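Note that the chains take the letters A, B and C in the order they are written out, and that residue 1 is the start of every chain.
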Amino acid sequence: MAAAPPEAPAGAAAARRLARGCWSAFWDYETPKVIVVRNRRLGVVYRAVQLLILLYFVWYVFVVQKSYQDSETGPESSVITKVKGITASRHKVWDVEEYVKPPEGGSVFSIITRIEVTPFQTLGKCPESIKVHSATCHSDSDCVAGELDMLGNGLRTGRCVPYYFGTSKTCEVSGWCPVEDGASVSQFLGKMAPNFTILIKNSIHYPKFQFSKGNLASRKDDYLKRCTFDHVSDPYCPIFKLGFIVEQAGENFTELAHRGGVIGAIINWDCDLDLSASECNPKYSFRRLDPKHVPASSGYNFRFAKYYKINGTTTRTLIKAYGIRIDVIVHGQAGKFSLIPTIINLATALTSIGVGSFLCDWILLTFMNKNKVYSHKKFDKMVAAPASGLAQQDSTPADPRGLAQL
Amino acid sequence: MAAAPPEAPAGAAAARRLARGCWSAFWDYETPKVIVVRNRRLGVVYRAVQLLILLYFVWYVFVVQKSYQDSETGPESSVITKVKGITASRHKVWDVEEYVKPPEGGSVFSIITRIEVTPFQTLGKCPESIKVHSATCHSDSDCVAGELDMLGNGLRTGRCVPYYFGTSKTCEVSGWCPVEDGASVSQFLGKMAPNFTILIKNSIHYPKFQFSKGNLASRKDDYLKRCTFDHVSDPYCPIFKLGFIVEQAGENFTELAHRGGVIGAIINWDCDLDLSASECNPKYSFRRLDPKHVPASSGYNFRFAKYYKINGTTTRTLIKAYGIRIDVIVHGQAGKFSLIPTIINLATALTSIGVGSFLCDWILLTFMNKNKVYSHKKFDKMVAAPASGLAQQDSTPADPRGLAQL
Amino acid sequence: MAAAPPEAPAGAAAARRLARGCWSAFWDYETPKVIVVRNRRLGVVYRAVQLLILLYFVWYVFVVQKSYQDSETGPESSVITKVKGITASRHKVWDVEEYVKPPEGGSVFSIITRIEVTPFQTLGKCPESIKVHSATCHSDSDCVAGELDMLGNGLRTGRCVPYYFGTSKTCEVSGWCPVEDGASVSQFLGKMAPNFTILIKNSIHYPKFQFSKGNLASRKDDYLKRCTFDHVSDPYCPIFKLGFIVEQAGENFTELAHRGGVIGAIINWDCDLDLSASECNPKYSFRRLDPKHVPASSGYNFRFAKYYKINGTTTRTLIKAYGIRIDVIVHGQAGKFSLIPTIINLATALTSIGVGSFLCDWILLTFMNKNKVYSHKKFDKMVAAPASGLAQQDSTPADPRGLAQL
């Protein structure tokens, strides 16, 4: 009972002393002890390695790859297109309303260059197309009534009737008659098509950087009524001749106009937003998008019809349209200075330079003649038992040590 | 005046000496002094920590996550679609031109499976639909002339007239008459719809890697006329049966055909461009895109009309079309080896391994019995006053030191 | 011959000894020797630098920039739109079918607010528009037969005929007659347009995180039939009044309705997927997308026609439609915790903190009065010749050393 009181204060004092020790120790400054080796050959290797690493980072990472920038791909984009021009087939003049589908002026539209017209179709009975698999017949027994061929033109009636022309016979179907293959007439609209002009208005917005830009010259005069695109003299006049587009895509216009095809008009907005906005310009390129070498499904065509009522009965003119479809594709990448990627790459640079010293350690300890001396200086041995704590030679492989220092 | 001349050369000499000193010092090689602890337990911990960290990086970061690759998402894509097939309602045969809207074969199109037809609408006067809020009336006083209900069908004339059927009365409107709800007839086209075939041509381009690919087998024969898609046997035959698509999306065809709906056909191009191009294949998946469980606005339908002139007066057939809309959505990600992410991850790996040594320091100084001896060896004390520069024990917390070394 | 046998075992023994040495050395633990400087001023600088760096990483990198997250931009998105409303021009009531093009309810659609109608056009001969360059003439000699002006309306016949009105004369063309400029009548549909309601259904999917969400309230009642959008009270009722959209875009409705224009409805899905799905909400914003200050091509319009057959001859009603095109643009970014970016940023943080010690070294050796003493303690000199291995003062620049330690 008499000893306890003095003890408690003693414990408290010890704790206080320890705390004070930690606190003061916290404010100590620590720095690794370094061994300086006065060896010109080694020094040169050492600096050369560091120089190489520095060069790689300064030149390739920061200058070429612009790794100090935060980037954003896929800008918000809006495309407005307008086609102008007029063409003539053998019997008829065609205007924009007739050869551009759909008419709304979106980013995907087709310019019809050839049509196969089947006029005066009505719902009735007529011979099936001879192209349809299993349509040819010799007697009614070859035709199953009520059969519906997915690739045919109607519901089989069960009768076998003579074809529109020639001597062969095909099964009769009920549907829109006459069928396309039996009565269609081809017309070529493409004669003047290379001269059609296409205006492509495009405005983009990079939300991350709050940056917007359009591809139209903002001039008060009616410059845009007269100009045509030229990537040198008129980069901000996005009015293209159809012939120019097809040529840029490396296609033959006549062949394309006959079989149809899809051409991509790619607008590329690669912008370094650390520079002024005027440095961020659209680049246009054109590419054939549909597979031209696949025989089974090359070319581009679609069907539409105009419906009439002629004294009570519904009649339609079916049109199979071959054309050039233009897909306007907008992509781009914007970059702007940002702290985080910069610091990540700087830290990587510093770490990489540190690797240089590891390499030199290895040379130091392996190749140089008196490495025993160096390692003696560098390594301070102590074994678990304090007694045997005195230094002794060894040849520890450099690898794990090098890593441990990084 | 006499002292100055000798001083100047002296200063110059000192500067020269200093410069020479710096220059030679620059070529010195420096390496940290290291203490080697002969302690098997500690060594095992030390290596084990390093091994774990190495495994994480080699296996997870580089093998699983492929962090050595630069990647690009959202390829440029172009989609061309073509539907084939024929179907029949009770009285009529329908072909592609009639049930596919829009016809141009873009990435979004609808296949009409059910229609509500309101034939012979003309501009005139007729009873408002009974479904319209506040359209029912008992006397003319209930109908305000000139009122235009946003959800109604026309301009109120102020008269209260008997409804098309039944005994109730509604306000008369001037507009397209008769109104849809009064006279529409429903027709179901969907009977054969599951057998419709849909060809989806898709070609993509990764601009960053200059890599393009299509989803069509490039065979010279007419393979693509006969095949249907099978992800095992025919992955490059992108011809899908509508029934297959709906089934893959986990929907009931009949129910979908009646109320309409939107199904996404997602084409996924995940490519490792370090491998050969033949390893980069499209994956197809199908998903219902419209909210099916929201009663107020489930299903998919739209209205269009065909306009006729019947002896002078304009007539239209209004069609409310329910259908299956297919949205072809293309996305993907391409990766290719690139130096910068590789080096960043390597540097991170080295730094992380270094953390291992800090952990061991801490164990060394905290848990091991004779840490006093270690810390004595490791720490070389010197106080601000050179006099008290001799070593003395302490228990500096390891943390700040560990960091300072990295 | 006698000496060889004993040698071989000796060599083997040496090799065995070396191997054993390496192996035991592999299990040694190494830690750099550190010099502790009892200097409060230096310690404070040292800790302050570390604190600043720590703060930057904890607060800016991890809290503000969320660098511990893996992110994905550009979700898969599907948009379904539906316009409701009815309007009246001077003589006529217009319903949705007539003023919305295209009708399918996709992400891009136009609401027609003004039209210029050219009724009863037939293929024939009539005066060219006076607006066409070089169309005005005084005698037939001014008109070249067979000429086709790209911006004109037809094929020149070679005759010079009086214009539709006034006294001037223009070249006769064969094409759709009468030409638009001669006979069109303007009608304004926009009176009630601000009250049209637009339902925008949008569902997105982030494939990397397998996260899907829609912008519709999933309520069982018919809430969506009654509500209109309010970003506070009804954020999940995506039904917008056209007037609200135009106002939000900062445009004047009347002026926009007359000249036409394109407005982007941008839906932004920025989601932190570490939080619950209910925290990931769409944000709506509206912006004018077409260049309004470019006189030559401002506004938005397109042409379409309705075709009739009137006792045999094809007639069309050409409609030049001015309208408000709505482009629904969906973008977004999702972020979710991921190990790799976290570890990269942690490693960067550690490396950066290490830079603090280099700064302090530099202060230590440059500014502090008795730096000679410090550098003596810190640097252990040894020259190539072991003889001159004893320590001597120098003033090595701190830089390379600082780097070498990292």
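Definition applied: a contact is a pair of C-beta atoms (placed from the backbone, for glycine too) under 8 Å apart; a residue touches a chain by one contact, two chains touch by 3 or more.
Just so you know, these numbers come straight off a predicted model, no measurement behind them.
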item: Shared interface numbering between subunit C and subunit A [over half = same, under half = different]; value: different
item: Cα-superposition angle relating the copies subunit B and subunit A, to nearest 5°; value: 120
item: Between subunit A and subunit C, centroid-to-centroid distance (C-alpha), Å; value: 13
item: Junction residues of subunit A - those touching two or more other chains; value: 26, 28, 30-40, 46-47, 73-74, 102, 308, 344, 347-348, 351, 354, 357, 377, 379-380, 394, 396, 400-401, 404-406
item: Subunit B residues within the subunit A interface of the complex; value: 26-40, 46-47, 50, 72-74, 76-78, 80, 82, 84-88, 92-93, 95-98, 102-106, 192, 195-197, 199, 201, 203, 205, 207, 214, 216-225, 306, 308, 310, 315, 339-340, 343-344, 347-348, 350-351, 353-354, 356-357, 370, 373-374, 377, 379-380, 394-397, 400-401, 404-406
item: Subunit C partner contacts - residues on subunit B that touch it in the complex; value: 18, 21-22, 25-26, 28, 30-40, 42-44, 46-47, 60-61, 65, 67, 73-74, 101-102, 108, 110, 123, 148-155, 174-176, 262, 264, 266, 268, 287, 289-291, 293-297, 300, 302-305, 307-309, 318, 325, 327, 329, 331, 344-345, 347-348, 351-352, 354-355, 357, 360-361, 364, 377-384, 386, 388-389, 394, 396, 400-401, 403-406
